Every structure is written in structure tokens, then in C-alpha cells.
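Once you scroll down, you'll see the structures, which are given as C-alpha cells.
The two complexes that follow have subunit A in common; it is paired with subunit B in the first and with subunit C in the second.
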Partner chain A sequence: MNNKFDALKDDDSGDHDQDNCSPKDGEKEKNDEEEKDSNTTKTKVVVPGAGEHPLQYNYSFWYSRRTPGRPASTQSYEQNIKQIGSFASVEQFWRFYSHMIRPSDMTGHSDFHLFKEGIKPMWEDDANKSGGKWIIRLRKGLASRCWENLILAMLGEQFMVGEEICGAVVSVRFQEDIISIWNKTASDQATTARIRDTLRRVLNLPPNTIMEYKMHTDSIKAWEDFHGLVNASGGR
Partner chain B sequence: MSMSSQKTTSQAIPTTRRVIINDAAHMPHDYSTTPGGTLFSTTPGGTRIIYDRKFLLDCRSSPLARTPPCCLPDIPGVTSPPSVTIKNDKAHPKKTVNNNSISPLADKSAGEDAQFEMDI
Partner chain C sequence: MIASVMFYALYPLSRFFGRLSELWRKAPCVYVNGKEVWDGGGAVSGAQQTGLSLQWHSAGDTGPGPDHAETESPQGALEMACMGTCVNDGNDEEAASVREEEASARDPVMNDPAFSRTEGQTHSDGHSCAHAVETDAHAVYDADRMMDSSLADLYLGSGSEALLHTGSPVYDLSALLADSPPVQTAAEPLGWHFPTGLGLSQMCCRPYVQFPDVSYYPAFQHNDSIEVTWRVWEDFSESRTGAFVDAADAFDFSIMSYNILAQDLLEANPGLYTHCPEEVLAWDARLRTILRELQIWQPDIICLQEVQEDHFHKQMYPVLAEMGYTCIYKRRTGSKTDGCAVCYSSERFTQLSVKLLEFRRPDCELLDRDNVAIVLLLQPLSAHTEALSPVCVANTHLLFNPRRGDVKLAQLAIVFAEIDAMIEKCRSEGRRCEVVLCGDLNALPNSPLWRFVSSGQLYYHGLPTWMVSGQTDLSYKVHHARLVAPLWPSSLGVSDRCQYQSESQTAASGIFPVCNRQYSHDSMLQLRYCPAACVRPADLELIPGVTDKTPDPEDMEMFSRRFGLTLHHSLSLASAYSEVRPDTQSPAVSTLNSDGAAMVDYIFYSTRRSGSAGEEGGLQMLGRLSLLSAADLWCLKGLPNQTFPSDHLSLLVKLQLRSLSGSNSRLV
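This part shows the complex of A and B:
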């Protein structure tokens, strides 16, 4: 059981790479949706202000960064991820976005996550556990523009896949940056194909851009396989 | 006989949403969109509030979009505290949040990343 919830990280996609010591179990995970964890900044429901343009969904920005100087395996992903805030309108989005650094200016091993309110940027969240993500690896210098285009398309409901979109991630890594968009149902090929085609359109990607779809169950398994050797409780 | 199978029931008119335009920039730029987000009743999953990229970018210049968010956590080098004056122009919207004080850490973690990438 521990292994399942320890497996919060993804090595290459944007989620995370750290953490194998989280003691969480399934029940705790569900409770968190109501009580919110300690690194959640606020619990009140946000609504569009007067004269603002409402979004189809409320969203939350999150930020995570691997702490320098500590081995990744001793950190909890959930402890490392910090909720920046939630918004319900176009104007509220810009307030946050304009007061946050651009992805290309982030340092180290950092991620921005933008997820629908109530969905944690974790594989194990109920909304994500049967899902997956499209991953696009970007050479250095493109992340800020691609991230902005990606999240504007998501907020503006350009993907046309109903309730399927969960959120988006930009990951700054050493030699490349990665953007990804998560959806609920990895087995729904019509949905994943539509997301892929929309990504190509809104990101204006070159035809030879490699796009990879990864199911979260595979991400979890890969994480467990990789960390099994160093995880003392890893009795799979 | 066939009449009965053709019968359709009436549907309520969708809820009206009133949109007030404060700025010419908020007007749509083509005939297929409506002010304040375009509502499509034929998208998968039902009616959605849809905005195109240009409309969203235009909203950025609105005074409502320029005020700092409340409760913005101060993450050094990542977020700018509300007290900091921000120039919200499109060219360099986030200059002031770029905190160079963490660059020594960046160098250190960059080394870690290289090792990590090899681990994969």
C-alpha cells in the first residue's frame, strides 16, 4: 500500500521525481480533499468578481521545486508542492500569472502546475488515477511561450473534450523543458487524439515535434521499478 | 401513428447571461464569437464558456487584471509579494519577480539534475 502512494513522482514529465517516504494511505488521500493539506493556502471558494469574465472551471496554480542538497528519494512530493492560489475568472488568472515568474526564468528542478480546483497534481488523485498525459519536450528557450499558449487554451476550453482535462504542467529541467497536459481517461482514444490535435494547433508545433502519451499507471509502475531498490518497504 | 413518434417536447430557453463591455478590447473580433466568452451548446459535455487566445490576452490589460491577488504566498524567486509594484505590460510582465538571490542554489541543483537525468 505504501508503495502505491509513495509513487508520486515522475522522472521525466513534469510531475515529480522525489518522494518515497510518504505515509499516506487511500483513506487519508480522500480526506485531504476536504481538509486540504497544510501547504494549501486557502480553502474558501473563489468566485468571479463583478465585471469579470467567468471561466468554465475554477483552477489552482501550484509550484514545486526539488530541494537542493537532499536526495530526491527522501523527500515527499506532497510536501514539496505548494499551492499558490485559485481563481475563477480571466482577470483573476492574470493577477496570479502576472505576479509569477515565467517558466524559463525558474531555476533548478522546478514545476508549475495549473489544475482544476479540487484536483491535486498527483497521479493518485481520483480524477487522475485512470488518466494520463501528453508530454512535449522542448529545447531551452521555448517553455514560457508554449506554457502560456497551453494554459490559455485550457482556460478558454479550446480542447473540446468535455470534462476530460485535469490540468497542465511545465517542468524546467537541466537540459530541456517539458510541458504536459493531463486528462482523466487514458483509455479514451478519441479524447486523447483530440487533445493531441488541439495541442498541435494551439502550440503551433513543428510537424516533426514528438508527442508522447503516458498513462499514469505506467508512470507509477516505472517509479516503483526505479525506486524499489532504494525503498526499504518495497516488498512488491 | 407516425405522428406520435415525431413529437418533440419543448425546452426551456437557456439562462441569459448579461455581459457588460467596458473596453473596446473586449469586443469579439469575428462574427462567430460573442462578448464575454462564446457559449457553444454543441460541444462534447454540453455548454461551455469558451475564450480564444486573443480575447484572453486582451483581458490582461484590464484594470481588474492588474491588481495583485490577495493571499499570494511569497515564494522567493517565484512569486512577487503584493507590495511590490508590477509593471503589467506585455513585453516584460514579470521582471520584478526575477530574484537573482537564489542563483547559487540553481547552480547546485543543476548539477544534481545532470546526475538525475542519467539515472532515468
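This part shows the complex of A and C:
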């Protein structure tokens, strides 16, 4: 089976960095164990510890990586993405963050995802399906700082767009890194504009930085087109 | 101008008096400085430290005060006179004129009991002192008479000029004290006086007395030289840098901070006052002395601590009200009977606002102590009131417990937050506001708490709580409670910049669930390496190359210093008192009891930080009443004693508020 990594193998430009799995469950190759470990939402409810600074929302860290050596075609997105842990307070966030490597230190084709608890970092999630994302491409060396600034702003509710924010992603690629922030309603221009302005501020971006907004529906469509193309060329 | 007098109180040789008194009369003159010493009674002078050739007599023959310094050597007299003049900063013309008047119209009854009193000395006969002085002055020390008188002038004349606030032309100490009986103690009928000239930089040699730690009574065998000085007025008005401000443009005021030792606390801690005779511990006697002290100095603002509520309302307030003070009292919370009081001269200030602070917060485990503070905003009154910025006066008595630096810091932060709120209010009206922070902070000079007040910031992360105040060294303990972020719960509503968090922020952190839990980048970063954030989450799977990172300790350290774990306040404050006496470099103390001596009382005042050019402002210190060293105080038999009615000394400074009419009248 093919999945997003087929596309990404040939296209590292990064706008597919949050490519999702195919909705077709039957295509997935996964065992129960993996699913239990990586994909089922933890039943344990995360709460702020005593005296800790509670966050407005609980969040989960995810990590995904294309396993080197294995043909991309055999990997599914959902199989490759792993939930690292959830937290409910500023302290708990730092606890995870302190024990995770910085994006710049990641090797290969890897992503960190930070999403509100209950929202999967996938286009198809109910919270995402009519949403979109702001994408910023960064030259190498900037990802760690920008990623930290981005998630601190998100966790600290600096975007001021109500419940619109879904999560953020940093994608490490060969020649560039990409950060993006996802929101629920792609059609809400006021919200997306506000997110863009906040991004500029918190990331301290130069004015000429190119920021691109991409609706997930477009991403899905592009992927499906590409997928279909690959499928066709693959002689399926 | 400068009024500075050093008294050398003598050491009461009670045990030897009987034997010595005879020798005394036979051999009244003793030279020190290694030249010739009086050998009667075994009082051998030891190593001498200064070059001042000074002779002294026993008090049996002579008057006790410096104005009665007996010098047999004209050389010595000249030296002393010279010193006196030097210290007087060229004010000898004035002094000379007064001197002559004084010389002719000297009134021993006015002067001598005063000195005997102020020195806290014991005399067998107050009147004989007076007579002795007269005799000395007229018969024995003709040559030195001028000098003697000038010394008196410096103390009584010039001294009063500098010390007293406007409207008191003469230092009326003698009048105030005239009705007080001379201090007499049957058991210790005589003492020695080691009079010397005056001057702050002067050292004088006297028999040195070693004071064993355990005893407050000197061991006679270890005679050496010791220094006993009276509290002098240290004048800074001429050493100020910058242009002299026209008197009409400036507002001078004096402010006192004084822990008067609540009688209930005295009685609850008898172990601290074992060195004191009962009569100096009696409240009635202490009250009299306290009130007399207030009457002598008449500070424009009085900040008192450990004021017992019943005593204040029944006994102190009526007197203070009579003296023209408006008083604010705040009792400590709980069952405590004492508290803080601020009294200000109604003629000189009017009150803009006042806040009574209780540090006990029911919802906060940290703030479970009963200490209180008073913060008030006073508008100076003068012909140019409009041009004078308000003065925010804060008075507090922080928790004593040496182990609980965490509580002290939290209490102090509340005071700073309240001060900040008052300043902000002024600022919003386009006015500047100066600050004076008074009180017993229960922290030593250069302790972290002190440095926090002085420097405006404190990197507290990991600091053992006992170390905050510097009162006691508990480093031997195995376990140290340490300061960690957050220093206090956010429900207190005080940020680590010692400011009240804005209404919305406070509300947000207090109500659950809230719709807006916002954290700025900085506030997120502050918790970056807090202890809770450094523990590896139990449920974090170890993925090599992904989740196998550990926080770098060096990074943590650097990060903490740069981004957080630091307490700030935005006031620019300087302590009016330094930890050492400027003349002798001996540590100055503001409190002394059987447990030890230390400086814990302070007057901090606004200064304009250097570098903020163009912003004239802040308060100038014109002078202060010197503190004493522990040795000095032990020579007065510790605290409280006949002279000093509390186990603390009063702090008194004179500050100058510059008018804004000049350059920048508005500061936003």
C-alpha cells in the first residue's frame, strides 16, 4: 500500500508534512500492540498537580518518523505516529519537553506534533476536517527556537482565537524545517488572520517571511490526487 | 552644621569601687596612650589605639560629659579643640560666638544631668557633678575652658540645629530631662568617664574591657581599651553631590523607625533580657523614656513596631496627639497584642491614602503568620505643596523566625506590591512618588533579603530559606528547605516583580474553570526548570534519539538566571544606614539582647538610580542619628537600659524631597 510517505519521498518541500493516513482502515498494517501503545487515547485523565499552573487545555505530544530502510509503501501514517504523553499544566509540559530532544537535533524525516488532547494530528480528525494550517518554512538551524516560541504561545493562549487552535507541528526535512499551526475553521478569515499576526509576533519573524495557509481539504485532495497517481503508476 | 559628640561612657567599677575610691582621690589623673596610666585599683590601661593624647579623670571629681573633658595637657586640649573645630566644618565662627555666651551663662543644672542621663551612667551624686564641673571650668581648667564650652556648644547648639526639625530653635534636651531624676544606683555609685573631643572620625583610648560572651559584666582582669560613644548626628547635607537646591524648593523631613519592644513580648521572652535590671524592664519607665525620646527628636514621621495595642491607645496616642501627630495603628492578626503604628505630623503632611496590610492569608499555607504592615501615601504640606510629590511611607515588622526566609520574602513582596499600587495611582495622575520603607525586617545587612530590597532583584532558586535573612547560620543542618518557584501561590495575586497582577489575571487564576488561562512567553519560561519540570514523566517511553534527553544542569543554571527564578521590585531604594559605623568601621547594630546583636531595622528611601540622567528625583539624605556598636551597647549594660528603653535603637534620618517646580514637574 502507498501512503503519504510515498509522496514525501519525492517531495520534501514540506507542505505534506502533516500528511495523514489513508482513511481506509483496511490498508493499515498494524498489530494490536502498536495500536495500544501509540494510537489509543490514554484513558488516564491528566490533571494539573498541586500548586502547578494549569493550562487552558490539556495537550498531547506526538512524534512521527519515517523508518529508514523500510519501503515507505509499507508504512502507514497512523502506524508511524506515536503519542508520547499528555499534560495539563505548564510544569507538566516542561517535564516532557525537557526530556525530548530539540527539533534541530532530530535526524531523518521526523515530526513533533503538539495537539490538544483528544485531537489526533490528522486531517481526518473531526476537529481538523474543515480546518487548515499556517505553514512557515525555515532554513536549517531555526527550527528549535521557532518551535519553542510557537508552542509556548499556543499553550499560553496567546493566539486569542477561542477554541480555534488545534495543534502545532514541526517537521524536520532534508534541507529545511517546517513549522505549522492548525486551526479548526479554515473559512474563518478573521481567525486565520489573527493567527498569522500572532505568529509573526511570537516567532519574531522578519516581515518578508512567507507564510502560507493551507486548508486540509486541499491537502487531502492533493494527496489523493498524488496517491491516485502513484497508484496508477504503481500498476495497481 | 555638624553636631557630633562622642561620649565615652565609663565602665562602672562597682565591684572595686570601695577600694578604688580612695586611690581615686589621691591619684585623679591618668594618662593614657601609654604615657602614664592610673594604676589605682588595678585598672590598667592596655594597648592604646590612637594618637590622641587624652587624659581623663574619674567621675568622682569631674563632670561626665564631653563638655567637661578634663585635660591636664594643653596639648591634648588643643588637639581636641582642633578636632572639634575640624569636625565642625569651618563653623567655628558660629561656634565661637555661641561658645562665649555659653561660657558665661553656663548652667550646670541644665547641662549636667542631661549628660549624665544621656550617657546612661551612674553617678553617686548628680549635683556634685555639676559642682565639679563648675570647679573644673573655673579653677582647674582655665586654659581649656574655651574648648570645654565649645564642645558643649557643638552638642547643644549646633547639634540641635541639625537635629531638630524646623520650629525648634534650641535643642531642649536639658529642659526635657530637667525633671527626670539623675540615674542612681546604690550598688554602682560611680563610674568612670572617658571624655574626649567630638568628631566622627575620632578614636579615643580607654581601658579596654573584654566582654565575655556569657557575661554582660566585664571581667576586670582583662582591661584593655574600649570605646563607648553616644549616638551622634551624622550630617550628610554638605557632602551631597549636585547643585544645592534652594531651600524654598525643597522639603526636608525627618522620619524615625523604632521597634519599641512590646511589653507582652518582653515578658514572654524573659530569657532575652537576663542582663537587664528589673527597673529598666518596667513598662512605665520604658514608656516614659520612649515618649521622651520621641519628644526630643520630634520626627515628622514616626514608624513604630511592636506597639502594644492597649499601651498605644491608652498611653501613647494621647501624648502623640497632643504633640500634633496623626496616628495609624495596625495590630498584628490572631491573638497578638502588638502591632505597627505610623504617626505623622499633621502640620507637615496630609494623608492621601492608607492601606493596612495583613500578611495572614487564609487560603495560603505559606502566609500563615500574623505580621502586618502599614502603607500610606502622604502629601507634604508647604507653601509649594503643588510642586511636591507625595511620599509613600511603608512600615512593617516582618516575621522573626530565622528559618522562614520564604515567609519573609512573601511578606515583603506584599508590601512592595502595595507600594507599587500606590505609586501607580500617583503615576496615573501624572505625579511622581517617593518611597520610604521603614521597619524591622528581621534580616541582616547584605543578607539576600537585604540585597533584594537594595538592588531590586534576587536570584532565589535553591537558596536555603534560613539563609534569606542571615540571622542564623543553620548550614550544619542536614536538610535545608530551599526556595523554589513559585515563591508563593498565584492566588496571592502578586507577581514575582512584586506587583499586583491585573484584575483580570488575578481573577483568571482564582476562579475555576476559567475561560482564559493565559501565560506570557516569560511566565512560561519561568517554570522552565522548576523542580516539578525536571522529573522525567513516569509514562514517557524512552525512544532513543527522541525522548532520551535529560535537562542539562548548566543549562538550567544559566537559564534560570536569565529567564526566571528571580524576584524583582521596581523601586530604587537605598538604606539610610550602613552596616558599619563610618568612624570606626565597627558593625553598627540596631538591636541587642541576650541572644546577640545585629542590625535588623532599616530605613530605605527612594534614590534615583544612576544612569537615568535627566530624571532628578528621589530623596536626599541630609543626616542620620548614628547607631552604636554592640560593644558600645554592652558598655551601657545592653538593651534595654536606662537610656534606651527598647531592645532596639531608634533609627532617625532626615530626608530632603526636592520640589518638582524646577525642571521636570511632571513625570509619567
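What we mean here is this: the second predicted complex is superposed on the first by the 188 of 236 C-alpha atoms of A that agree within 3 Å, B and C clash if a C-alpha of one lies under 4 Å from a C-alpha of the other, contacts with A are read in each partner's own complex, and residues count from 1 in each chain.
Heads up, the rule we're going with is that contacts are C-beta pairs under 8 Å (C-beta built on N, C-alpha and C of every residue); 3 or more make two chains touch, one makes a residue touch a chain.
What you see is a predicted model; the values in this text were computed from it and never measured.
With the C-alpha superposition on subunit A as described, subunit C and subunit B clash in the combined arrangement. Once the two structures are superposed, subunit B and subunit C can be ranked by residues of subunit A touched, with B on top. Of the two partner chains, subunit B and subunit C are each touched by A:153. When the two structures are aligned on the shared chain, A:66 is found in touch with subunit B, with no touch to subunit C.
Within the superposed three-chain model, A:184 lies out of touch with both subunit B and subunit C [touch as defined at top]. Judged by the touch definition given at the top, the superposed model places A:174 against subunit B, while subunit C stays out of reach.
In summary, superposing the two complexes on chain A brings one listed stretch of subunit C into steric overlap with subunit B, and the stretch in question is 511-519; the others among 421-429, 439-447 or 511-519 show no clashing C-alpha atoms. The contact surfaces that subunit B and subunit C form on subunit A in the two complexes overlap at residues 42, 49, 51-56, 63, 65, 82, 84-85, 87, 90-96, 98-101, 106-107, 110, 149, 152-153, 155-158, 202. Put simply, subunit C touches subunit A in their complex at residues 486, 489-490, 512, 514, 516-521, 523-525, 527-530, 532-537, 539-541, 543, 545-551. Looking at the complex, you find that subunit A touches subunit C at residues 37, 42, 44, 49, 51-56, 63, 65, 82, 84-85, 87, 90-96, 98-101, 106-107, 110, 149, 152-153, 155-158, 202. Contact residues on subunit B toward subunit A in their complex (touch as defined above): 20, 22, 36-37, 43-46, 48-53, 55-57, 59-60, 62, 64-69, 71-73, 75, 77-80, 82, 86, 88, 93-94, 97-98, 102-103, 105-106, 108-110, 112-114, 116-117, 119-120.
Residue ranges of subunit A in contact with subunit B, taken from their complex: 11-12, 17, 41-42, 49, 51-56, 63, 65-66, 68-69, 72, 82, 84-85, 87, 90-102, 105-110, 149, 152-153, 155-158, 160-163, 173-175, 202, 226.
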